[in-house]
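One chain, subunit A, links the two complexes that follow: it is found with subunit B in the first and with subunit C in the second.
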Partner chain A sequence: MPESHDRPAEPVTDWPCFGLGGAEKRDRMLAEMRRLTAHHRAACAPYRAIVDKLGFANEDRIAALEDVPFLPVRLFKRQRLLSVPEADVVKTMTSSGTSGQSRSQIFLDKATSALQVKVLSRIMAEVMGPKRLPMLVIDCRATVADRYRFSARTAGILGFSMFGRDVCYALDDDMTLNPERTRAFLDKHAGQDILVFGFTFIVWRHLVRALEAARETLHLDRGILIHGGGWKQLQAEAVAPDAFRRGIADVTGMTRVHNYYGMVEQTGSIFMECAAGFLHASAWSEILIRDPVDFTPLPPGETGLIHLLSVIPHSYPGHSLLSEDIGQVLGRDDCPCGRMGTRLRIDGRLEHAEIRGCSDTFAA
Partner chain B sequence: MSNKEKYDQVFIENFSVSADQLNADFVYQCVPQWDSVGHMAMIAALEDTFDIMMETEDIIEFSSYTVGMEKLKKYGVEI
Partner chain C sequence: MIPLPPDIALAQQVVLGDPARLTNRPAPVWDPARMALLADLSRTLLAMPAARALPDVVTFAYWARAAHLKALSREAAHPDPPRVGLGLVFHICPSNVPVNVAFSMAFGLLAGNTGVLRLPSADSPTITALVDGLAAVLARPEHAALAEALLLVRYARNDAVNAVWSARADGRVVWGGDATVQHMRGFPMPPRAREVSFPDRYSLCSLKAEAVLALDDAGLEALCGQLYADVYIMEQAACSSPQLIAWVGDAETVTQAQARLWPAFAAHVKGRHPLAPIRAMDKFVAACDSALAEDVRAVHRHGNTLYRVDLAGLRPEQESCRGYAGTLHEVVLDSLDALAPIVTDRYQTLTTFGHPRDDLARFVTAHGLRGIDRVVPVGQALDMGVIWDGYDIIGSLSRVIDIR
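And now, the complex of A and B:
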């Protein structure tokens, strides 16, 4: 076996969350990508068939992150891809899958599942501190209560609930804000930081807009809002990040607002927004931008398809994925917030995306 | 009630099981109720019962009835 199969000397979980920059970040990421690519080629025959058919020769040819072969993210909707024995799978995650689409299936073994949680914990600690906080969920209890309609929202709320305690749902089951319950919760935890979690479009419509319409406010000045998931079917109501933050501050007094970008196919290594308003890659992930037509890498400042790298996926070949989201790299190691690494912007989704190539090749 | 009885009671109520099912084989996802939803509810119930606050890592590693007893030791709760 090539040397790149070996586990790295230092566990990746010891890496500084937002402290790696320049060549140091690139070299560590490159080593992990070589190792993971070799592992998945050896352990997942369909993965090997795809990347080899695309002309990939071997891991030693990976001289730069741009050389790491990638799968289109939607391949996980069509194929059962796993790189560990079936018996090692402890958990299967599924994506939301908008109407008419099939769902991704992501198979986790113990190690991958544990790494997801460790990495997510590290990233969350950067914005909320190391302690679990009283948690206000901007959603309704029914979203998690109905186990037979387990959705991305359910998974998101439950995943982030690990960082909260004494969880309170701000919305009733008909999705209307319950100000009495919410105020009682805030009174109970007065003087403490509060973790507030919700999906972007739900926070906007069912918290901000609802409070505006009722001419009411909530005292959430100690709140730390973590929101993600984009605007989904509410694209027409979408507002810019600045307007979003202003809207939140006006009706809740909350100024610590962090958007995150991530996908179920790379759970854990999410991209978190800093106080300066920029999404950041952590030590465990990287972003490349590719031309939507010919997939050539694009430089910072140019808009294209988001190619995500993550050191987490071991049990399934998801360490290098081409998404159907568009955005751009804004800079590296240059954020006013002081974080090292890549900062990026997501501009939305490629409509009616049809990423061809790999999956077609495999079907042939 | 002893700590053991309190501990068992949380499992019995959360997962709708009987006391004789609670042994080393009672692990995460061994009954439909012990899924990720049930897990967080159980943690909340244990925290209330013993007036403790567990760290995220311990919540995740709380993978069985038996492992749970070890985890609670860390918070001064002897089962």
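And now, the complex of A and C:
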């Protein structure tokens, strides 16, 4: 029996952040995915063309989450995809993309933008409490000051800044640590929890390594580190999560360390690392793993492409995206930390082989 | 000996051969010593397990065996008056079809030239196998004299090296498409020098629907094998790989023929063709892109093995419409003649199945087509001949001596 595609009676923002499991989570997510698929098919002609012409199930034929049509994340770098009139767009988000490639363009209307904020706030509250905290950014001010260099880093810092107050940048514009400024900030807020935010590779190179090299420490034992973005061009320096946590604890005393996984195409419904060291889907997102060659769904414990579902995207057809990230679902409703829902691991990205074609003698 | 400035000598990595020994003295075309070298290379490659595992290398090895070279030399249209090579030929080899390194080298040698080959900068199992095989063969005493006729080099994009070899070349062979051909035109060669270049081309396949329907199961399987060779061995990256399937027949017959052929073909490909994950993603992204065009009625997906882009009709710029790694565009036509208006000088190979020979001959001659240099049966799209891309390559890389 096809369900109604109208908005559910209970707003999704009332859902418990990590309290939904089993059939309950599945059914709510399925209903939202049907509703969003119907919405985007009706509102976004390119989305409809792809779903219908490629033979994906339409909303009435979606019997399981695995049936939800998916777009490749890369498509947002190639096409302008909107499910609202241009006039309703209040904000356009862009991603940097890897090494000079084109950028994703994500169009937000008021409602989608508000839903992003609400969902992200709920997820953040789980690790830092409901109040804004003094915030230490492990980056330099220039990263956000120069709007012409708007990047994933800029977006991340600005996005997470709404959970902080009295923001202090720990690095100078040449990316060296400024211990005096940082210590003054920490002294000022002594005895309080501190929100610390940075990109994984920057935290490692410009905070941990820099302190080690200078044989110095910071007193951040009340710090809560939120870091994400992976290792990017510093893949050769990448360390395992355990070593990362140890390194942080050794030079800052900080033990509340949370990695997150997310992408600009599904801003808000990020996957946050718990105290047990596992990334979790919240109530508003779900992860499926697909075979990298034929895209068939894989069971927990098998490695494949990450397929992300999010209830947030209304103004653009991004509720179901096939990423180029590789990882696995480790389990569902079974984390020692007590959170319900899916826990996952990210292992890396699809390897980009050379582009073959007739004009590539000199491409390499 | 061809003197090189020291900085150039440093900028290039010599993979095989010795720049100090290189000659620009021509040899006669179809020189027995050079045919023997290639035949020996063929035997050597076929005996190397690493080479035998590579379909493209095996294809070259079969092409270069002694009996086949002998047959080619007999067919060649230049027995008399005598022909000799130009001297030194500089080859820019393609990375999209690595095995063409071997064909380019063989054409140059058989035309009587010394070859300086710039290998693709990206390494590939194909190049490794070819270089290993060639090194083994050249090390044998009977081929020692030919060491001065071959130099394999590799260098990162470097116009100084391009300029130096071009200035010393009597001929240049440029693979790699429009951009590379244009780029190389910027490096002057001596006034007498010639160039054989391979810009971007577009190739297609025409299937006669009633002939496909008339096949028995064995015949259908054979057709699948032939299409597989054309489409998947080079993942449609070669200029002669078909991009478009032009069905000829009435709509109903074509629908039946499609229902018969494509599931069988997808089953044939699955398990044979190892699709790299990044290719699967590229292919899926391209399929989504193509669905946005109004004249695309559907993108039929046989898993990720085979995508078929169903076009409502031929496009005016059909040649810009390519697929990779098993994405075929498909169109239904009343007759071959319907293709004529779209054929430009970009069109290279037409592979065919089920068309009477007379229809084909009439089609390629009656319309004043500016393109289509090859019409071959399905399964032979990638078969490299000494006539290629409209060139008699051996003839183009040699000169005639007029003796009266």
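Heads up, the rule we're going with is that the second predicted complex is superposed on the first by the 346 of 364 C-alpha atoms of A that agree within 3 Å, B and C clash if a C-alpha of one lies under 4 Å from a C-alpha of the other, contacts with A are read in each partner's own complex, and residues count from 1 in each chain.
We take it that contacts are C-beta pairs under 8 Å (C-beta built on N, C-alpha and C of every residue); 3 or more make two chains touch, one makes a residue touch a chain.
Here the structure is a predicted model, which means the values were calculated and not measured.
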Tell me which partner A:293 touches in the superposition: subunit B (first), subunit C (second), both or neither. second
Name the contact category of A:162: first (subunit B only), second (subunit C only), both, or neither. first
Would you check which partner chain A:71 touches, where first means subunit B only, second means subunit C only, and both and neither mean what they say? second
Touch check for A:53: first (subunit B), second (subunit C), both, or neither? second
Report for A:141: first if it touches subunit B alone, second if subunit C alone, otherwise both or neither. neither
Report for A:205: first if it touches subunit B alone, second if subunit C alone, otherwise both or neither. neither
What is the contact status of A:132 with respect to subunit B (first) and subunit C (second): first, second, both, or neither? first
Superposed model, subunit A: greater residue contact from subunit B or subunit C: C
Residue numbers on subunit A that touch subunit C, as the complex places them: 46, 49-50, 53-55, 71-72, 74-75, 78-79, 292-295, 305, 322, 324, 350-354, 356-364
Under the definition above, what is the set of subunit C residues touching subunit A in their complex? 92-96, 120-122, 157, 174-180, 183, 199-201, 235, 237, 239, 275-281, 284-285, 287-289, 291-292, 296-301, 303-305, 324
Would you mind writing out the residues of subunit B in touch with subunit A in their complex? 35-37, 40, 44, 47, 53-57, 59-60
In their shared complex, at which residues does subunit A touch subunit B? 114, 117-118, 121, 131-132, 144-145, 147, 154-155, 158, 161-163, 165-167
